[in-house]
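Naming follows writing order (A, B, C and D), and every chain is counted from residue 1.
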Amino acid sequence: MDKRVNTLAEAVAPIQDGASIMIGGFGSSGIPFGLIDALLEHGAGELTVISNNAGAGETGIAKLLKGGRVAKVICSYPRSPGSIWFEKRYEADEIELEVVPQGTLAERIRAAGAGIGGFLTPTGYGTLLAEGKETRVIDGRGYVMEAPLHADFALLRAERGDPWGNLSYHGTARNFNPVMATGARHSIAEVRHVSSDPLAPESVVTPGIFVQSVVEYGVRP
Amino acid sequence: MDKRVNTLAEAVAPIQDGASIMIGGFGSSGIPFGLIDALLEHGAGELTVISNNAGAGETGIAKLLKGGRVAKVICSYPRSPGSIWFEKRYEADEIELEVVPQGTLAERIRAAGAGIGGFLTPTGYGTLLAEGKETRVIDGRGYVMEAPLHADFALLRAERGDPWGNLSYHGTARNFNPVMATGARHSIAEVRHVSSDPLAPESVVTPGIFVQSVVEYGVRP
Amino acid sequence: MNRLSDSALAARVAFDIPDGAYVNLGIGKPTHVSAYVPEGREVIYHSENGILGVGPTPPEGEEDVEMIDASKRYITTAPGASFFEHSDSFAMMRGGHLDIAVLGAYQVAENGDLANWATLDQKFPPAVGGAMDLVVGVPKIFVMMQHTNRDGSPKLLRKCTYPLTGLGVVSRVYTDLAVLDVTSEGFRLVELTKGNSLTDVQAVTEATIHA
Amino acid sequence: MNRLSDSALAARVAFDIPDGAYVNLGIGKPTHVSAYVPEGREVIYHSENGILGVGPTPPEGEEDVEMIDASKRYITTAPGASFFEHSDSFAMMRGGHLDIAVLGAYQVAENGDLANWATLDQKFPPAVGGAMDLVVGVPKIFVMMQHTNRDGSPKLLRKCTYPLTGLGVVSRVYTDLAVLDVTSEGFRLVELTKGNSLTDVQAVTEATIHA
């Protein structure tokens, strides 16, 4: 089994217009910058981007927003210092925004990956973000019913990978990457070091079954 | 921070009569035999045991059943070759049994640990094990609503541990141990090698926040 | 009638497992399938107790009680293996990530209903294990079993009489007498064990077999 | 009135964090609390982006863009640290495993309602991050803020006017003027910043402060 592909372009080639794409990363950590650049080059548009943030400065998701490739953003925190391209598109009403509490975002993606049809979370109960949602009270505690969040693709960033698609991560760069690998139908990993030998079974964080392709990209930003 | 205790007896001392106890392990792997022996010695009874199996032969959970310490078993697979003590108690109507599909058992424990109030699973829909439970159909697929499963204690078996309570595991001995660590109010880990140095942060499988005490027990059965 | 031996049946199932597949083999007879996968195919075996990449049985004397599969047999790791905990293992199963599961059965109905975890005998306490999770999560459920019970009574039925494991979940049934697909119209014959006639096989099958 | 400086306020909060506590420090002012925890106490800091055991800022030149906290500041690991992914990190938060979270706030109501994620200003797109998860999951929510807005208007209210982050979640409020507990009868005075009178503090507080 060899899930390695040679180029970033080859890795993102299956992504079509209108696709929903999970993109790993939090702050500066664990963002697949190489794959995002390749996606921009590749040209797919009308994308739904699922990520914690909505980009900052002129790199990463901000580049997709600047390039007008994004129709909708699902995230927990679109406003960051320097999230000017998100703000520009949002103010001009050029993109749709769905704000999801961060833990609910992670759990909805996990539910998609785990075959769970919905779950009750106390997060957001009684707030604006629960408006219109099914709620219930159990033992005096309020819960909101949340649905799984699937995607067509996930773009991931990992530290080490092998031909079987197994991945491990560095420091705080795990964040959304492992859970997104499970929630997307086709997960693509940009990996700093790809070995031809398998990773040690105990050290694998994302089992290869969740990863469809692996491409080496040595740059750590 | 030092969660190490010196003896198995000290580790199980907080367990009272009537406690609910998750016990890690699957087949021969990852069973905290030392803690179970200490619990028998300790003397607590009327226990609810939550585990995948209900013991086999004369060791582990079978010992607790033989000793008449168990009021109820919640498990996925009580029948194993040699599960004679479970069968004896069950036939004599001396214990209550709740059978839960294995994945639902793991997920209910995870829900307890993750603050989830309930979840919809396709597992068991339309079967005997869903009788009397809330169900719903979403996009043509049937789901059963399952509740979180909490416990007072968890008895765990790990390979390596440190004073902060961090744990890592060997081979297929993870099984229910990591998830049970999260679902119990007080988790006790029997560990093959306890170091005074911290485990490498990337290698930790169960973060120490889920573990209340760690006791070294070098025997691997 | 001609009956496949257990090993020939395992080989027949193995023949249908493609290169690169992620496969869960149920306890009992299905565990033998891996021995018969044709040369040149790399199949990744999942075991519910937390391993992807189950390798062959270890040499005698090198067994490790903390390296087992769901049947509690000693195993090794195959290249590319990984370990994980139970809630992740069942997320993998329930979430549709595996390709094929091979299971034994007491009964299979023509609508794909499967009964493989409990009989009507109240003497035994119920025990389900991971079967219900597998059947809802894995897209292709292959059943591998004897065509009839020991007393000759049929196991391929219009409707299961034993408690169900899952509803409409079986894709294909491999028996010692024939291979049958479950389709919207019921069982459809894929092939007969060499020398058998459809008439003969139908005679020991309660449900209709469509040619 | 006497007002605590930002550093004195951080030190006051830090004084209440016991040895061995698992603590999440919200972005902004709460991140400074760790610098003031009294000697001899080991506090384990959680950051929502997947680390337990946040250590001090690295020396200049040794920053690693893949070693940051939720405020996106560079960090190191403390002894006993561990890394994990987001769904596990929020399971830890939501599941009640942390002991204390320290958060900033726009408004706190006398029933413990917290508003700290959105104002009524429609100009900005909404952004919630992990605040709603923290407040439902962590047993002790400490709020750390200025007692009033810059224009002198109160932030401790009978009822919040901004969109809520959580209902009845705040345990204690630390301001530059006073420390107040949230009780079933409303705000109860714990202490006044040295030199302040309850009458003066009450005058800039909409909700009643019980002595």
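Points to keep in mind about this one:
Rule of thumb we're sticking to: contacts are C-beta pairs under 8 Å (C-beta built on N, C-alpha and C of every residue); 3 or more make two chains touch, one makes a residue touch a chain.
From a predicted model like this one, the values you see are computed outputs, not experimental measurements.
Our note on geometry: chain A versus chain D, Cα centroid distance of 28 Å, whole angstroms. Centres computed as Cα averages put chain A at a distance of 33 Å from chain B.
Taking each chain's centre as the average of its CA atoms, chain C and chain D sit 54 Å apart.
Contacts with at least two other chains are made by residues 107, 110, 114-116, 121-122, 169-170, 202 of chain B.
Along chain D, residues 51, 83-84, 90-91, 93-94, 136-137 each make contact with two or more other chains. Taken as a graph of touching chains, this assembly has some other topology, since it is neither a line, a ring, a star nor fully connected.
By the contact rule set out at the top, the touching chain pairs are A-B, A-C, A-D, B-C, B-D. Partner chain A is touched in their complex by these residues of chain B: 107, 111, 114-122, 136, 138, 141, 143, 168-170, 202-203. Residue ranges on chain B touching chain D, taken from their complex, read 1, 110, 112-116, 162-164, 166, 182, 198-199, 201-202, 204, 207-210.
On the chain B side of its complex with chain C, the touching residues are 26-30, 52, 76-80, 86-87, 90, 97, 99-104, 106-107, 109-110, 121-129, 142, 169-179, 205, 220-221.
Contact residues of chain C toward chain B in the complex are 47-51, 64-70, 72, 75, 83-87, 89-91, 93-94, 118, 124-133, 136-137, 163-167. Listed in rising order, the residues of chain D touching chain B in the complex are 20, 22, 42, 44, 46, 51-53, 77, 79-84, 90-98, 136-137.
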